[in-house]
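Handing you this structure, nothing more for now.
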Amino acid sequence: MHYNRLGRSGLQVSALSLGSWITYHNQVNASGAAELMAQAFDAGVNFFDNAEVYAKGESERVMGEALKKLKWPRLNYIVSSKFFWGLDRDSAGINRKDTLNRKYLMQALDGSLQRMQLDFIDLIYCHRPDPHTPIEETVWAMHNLIEQGKALYWGTSEWAADEIRAAYEIAERHHLHKPLMEQPQYHLFHRKRVEQEYARLYREIGLGLTTWSPLASGLLTGKYRQGIPAGSRADTQEWLRAQLIDPARNAAVAALEPMALELGGSLAQLAIAWITQNPNVSTVILGASNARQLSDNLGALALREKLTPEVMARLEALTAPHAQ
Amino acid sequence: MHYNRLGRSGLQVSALSLGSWITYHNQVNASGAAELMAQAFDAGVNFFDNAEVYAKGESERVMGEALKKLKWPRLNYIVSSKFFWGLDRDSAGINRKDTLNRKYLMQALDGSLQRMQLDFIDLIYCHRPDPHTPIEETVWAMHNLIEQGKALYWGTSEWAADEIRAAYEIAERHHLHKPLMEQPQYHLFHRKRVEQEYARLYREIGLGLTTWSPLASGLLTGKYRQGIPAGSRADTQEWLRAQLIDPARNAAVAALEPMALELGGSLAQLAIAWITQNPNVSTVILGASNARQLSDNLGALALREKLTPEVMARLEALTAPHAQ
Amino acid sequence: MHYNRLGRSGLQVSALSLGSWITYHNQVNASGAAELMAQAFDAGVNFFDNAEVYAKGESERVMGEALKKLKWPRLNYIVSSKFFWGLDRDSAGINRKDTLNRKYLMQALDGSLQRMQLDFIDLIYCHRPDPHTPIEETVWAMHNLIEQGKALYWGTSEWAADEIRAAYEIAERHHLHKPLMEQPQYHLFHRKRVEQEYARLYREIGLGLTTWSPLASGLLTGKYRQGIPAGSRADTQEWLRAQLIDPARNAAVAALEPMALELGGSLAQLAIAWITQNPNVSTVILGASNARQLSDNLGALALREKLTPEVMARLEALTAPHAQ
Amino acid sequence: MHYNRLGRSGLQVSALSLGSWITYHNQVNASGAAELMAQAFDAGVNFFDNAEVYAKGESERVMGEALKKLKWPRLNYIVSSKFFWGLDRDSAGINRKDTLNRKYLMQALDGSLQRMQLDFIDLIYCHRPDPHTPIEETVWAMHNLIEQGKALYWGTSEWAADEIRAAYEIAERHHLHKPLMEQPQYHLFHRKRVEQEYARLYREIGLGLTTWSPLASGLLTGKYRQGIPAGSRADTQEWLRAQLIDPARNAAVAALEPMALELGGSLAQLAIAWITQNPNVSTVILGASNARQLSDNLGALALREKLTPEVMARLEALTAPHAQ
């Protein structure tokens, strides 16, 4: 396993990490989660990503149970949670959904700690920007949670560059803990934010990235080249369908497969390896839901050194025209 | 129910909220309070106002008992308390009355938390300005209470604009939590402070308002047009009498009633609706003491959309000459 | 009783207050202390001064027992402690004597809280300046003790004006709690520091004074006019003797007595009343060790209004030439 | 015993102090440690140095047991720990070794407190610089540990002058606790860092030094003049061998011995006394592992006053050419 610094920090995260989104509770129970996490951990993975909203809190509960079983020393692993959407969305809970206000954040983290059975969470994220809460209010809440010892570092997910910069500068001015990392979507077909919008932030504020959706919800495994398999995400989640069956992208995917084989790996491994070569990416969060998939995905690092300038150029030519 | 941001914050308060002043303990016991609060909550109200001084602490105790019965999730409601007058006024307690000194504030909030059986109060207010305590001392105490997790946001009640501004600027300079909201009296006959004195504060520091006395102690229900009903506040509270039986104001009230009927509502609803149309008002604190009254008052929002420019102009012509 | 603000703060202290120096434990046990404190409290005294060093901690223990017996509401009284000399002076305890270093201060206050059986002490003082500890280190320790909720306000005792100013400015620069009050010796024969050296501090940083030794260790009661009574402090404490039997001062005292009688009071009352007329003095700490003395001393306020400009001029003429 | 201020602080450390490196657990068990510590304490030593890495945590455990036995008042002694290498170095623990990141530091100190059975450690050190963690991250962690009451002062060990200066200036800018002391290697043959590199830091930021290896791992006792004794450190620790048997240095040592005898002391005493005459050294950490050695080393202070300018010149001439 390779390890990278998480942005400007001294914390090292494994180049590949394991996320629980859409898998824990829904596809994987606590003992399944413990098995997958053990498999990843044995391969060197030290970061396990989570969020309050995943399976409405059940993903945190499942991971908590798994951690209890696994009995790893607390210093040996890093867990995260993310906050924005809240756990439920009834009308009486107007301050507990789609928000980064102080009230929600202070109480939401307490809930996560309880569900995960932990004293602190290593990384906490603002899961989305909240245009209705001043960034200063959110920065203060993040700072206070760290001062209280309930979290160690904080960051953002899918924030615009100017919002991240504002949070950093407000924290600098008021002597508060600064945001450290951002969790953006990043894969061969989704690149603009990471490659252009954030460019200045890597240099100037040392922003680190923990990227999600390395396989574009399955598109980059090639599974949608022949249409929509029953039970697949394109089948069950309508909002994803159009981009998953996009003909130009699937054609590009078809052209990538021989490249992967040629390099001695799978299509998924090639797609993941391509992300790890970006020096601004601290870790690629994998979404594997079974041992075979996870094992395949973890193999991506072997392909990384084979990404010669020539290979990179071919990848660029095939995917860039269809990327956003 | 409409919801507004509380000033510049990300916290949303219902446009109408429920206060416990003069009602809890005096007119309403814990089970009555729980019924009224449930009625309001079911109608979308999420903010319940209180103060240490109301019924000498009994109002907080009653609300605490009611909250215990109601078992609402803590994230779903907002409660406040306010501090200045203290719980009792014996001579030995010179530092616990009419003050915003650090000693009083630190100990007073602990008392409120105990009476309300809560770990924290969402909003704490400095109930009046204290000319004898430097604003810096009060800002530090408010900041420390928030840092200790005993409160989430702080504000003022009936402070002058320059005092609010001073508190904000001292907090900015010393990197402390800034005041967020002010609780002024505001109704058709009491407007200058909200409309003129604070004007710059809305724009420049994002001040939010939680207004009290929407019906001018009953004057705007029309109950004093025919004199002083026995047991009414004008009957029992001498300091209110003169303004409640003011002939010019009661004449204006008489002229408002046909307007209200014309718009399909009650006089009280019209008076309340008029306040909610002020974009700087985050919430109007209702003082209803029984289900019928509360139900009527909550109906005010239906009238709000009927406040056309023409209706507003007529309201202005009738009341502005008699307003302060 | 009159009450004054403690310097710039919003806290009110009785114009006369009760100290435990040289009395508690040595002359007065816990039940005696409780009686004296009750007598003072009933007369309106709300501030009870103490220090770690008084009777090597026993004075705090005695006061703690007395407070437990008295069961006053915590908001109704103010207690202090002071730190510098430490509890004992064995060679192994080099960091616990004559110092204001962080280690000593943090641990010493914990000891005081235990002895006094309190959760917090209202006022903590740096009992003397420590030329060997940077003022910044001491300011940080005082700030941290207040942030931890173990104290409410902090000040100094017998510091030079430039040291107090430095502490204030360092706290302002680093956004820490600022020193509020100073406890200097002040009486008719010891005036320069209070009247000249500190002059700028009252105006510019709002310094408050809690003064000690109002009767100049008994000199101003006239007891040394005829020599040294057996068992008196001049008899038992050699370091005090010379100034107590100073002939010029005792002659001045002799001349003050008829003035006191003329005004209808005692010599001690006149001396105390003179201090209370200084607007920069927040409270005069009395050292009475029995009910009669305390009763006499508390009567001083009655004389205060009789200090006409003429009386003041006569006092000045008699004492100023012999004052330092 | 002489006592020096620890750098600019008000804390006094004995000119000679006792370290547990390479001795506790390995050569000395808890009861042996208690005996050595008692011997040193009785001779006036008040500082006992330790580190997480010494004997992989066992040195802290041994000292904790010894302290429990000794029952000294907590104010009478100073203990340290240092953090960087971590307790173990398995691959899964990538964030717990060779680092000064926030996660490691926060958790590591908790471990030390447990092993030493203490509520707080007086001095905590960053045991080495970590080029991969921004100094700002480490300064914040040190500050937070002090604010939490788990440590009183913090410093560095073997940091470059620019790193120490950076830590100081970052703390000053963000109003955090500043580094106070550095623990460098310092003896007659290792002088450049202390004498040249740090020169400006003593004057400008009041840096204090707690120096280690006063006898150059035994070289300055003369034990390596005749080759390598079996079981000696040059025998068992290869990384030390070359410098311990360096002929030029051993020749210089041979020439020092008559000087020591002439002054009435041992070679080791002369070497230690020479360090104590450096006004920037707050304390010399001795590494004695038995009573006789310790007794000899503690005798060094007697030689200090005999270091006349002539003696110093002869020492300089003999050792400077072979020092780094």
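Which chain is which? They are A, B, C and D, in the order written, and residues in each are numbered from 1.
Convention: contacts are C-beta pairs under 8 Å (C-beta built on N, C-alpha and C of every residue); 3 or more make two chains touch, one makes a residue touch a chain.
Everything quoted here is computed from the prediction, not taken from an experiment.
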| item | value |
| --- | --- |
| Self-contact between copies chain A and chain B, residue sets same or different by half | different |
| Rigid-body rotation angle, chain D and chain C, from Cα fit (steps of 5°) | 90 |
| Centre-of-Cα separation between chain C and chain B, whole angstrom | 44 |
| CA centroid of chain B to CA centroid of chain D, Å | 62 |
| Residues within chain C bordering two or more other chains | 147, 175 |
| Chain B-facing residues of chain A, complex | 86, 91-96, 99-104, 106-108, 130, 132-134, 137-138, 140, 144, 147-148, 174-176 |
| Contacting residues of chain C [partner chain B, same complex] | 3, 5, 8-12, 41, 44, 46, 72-78, 122, 147, 149, 152-153, 175, 177, 206 |
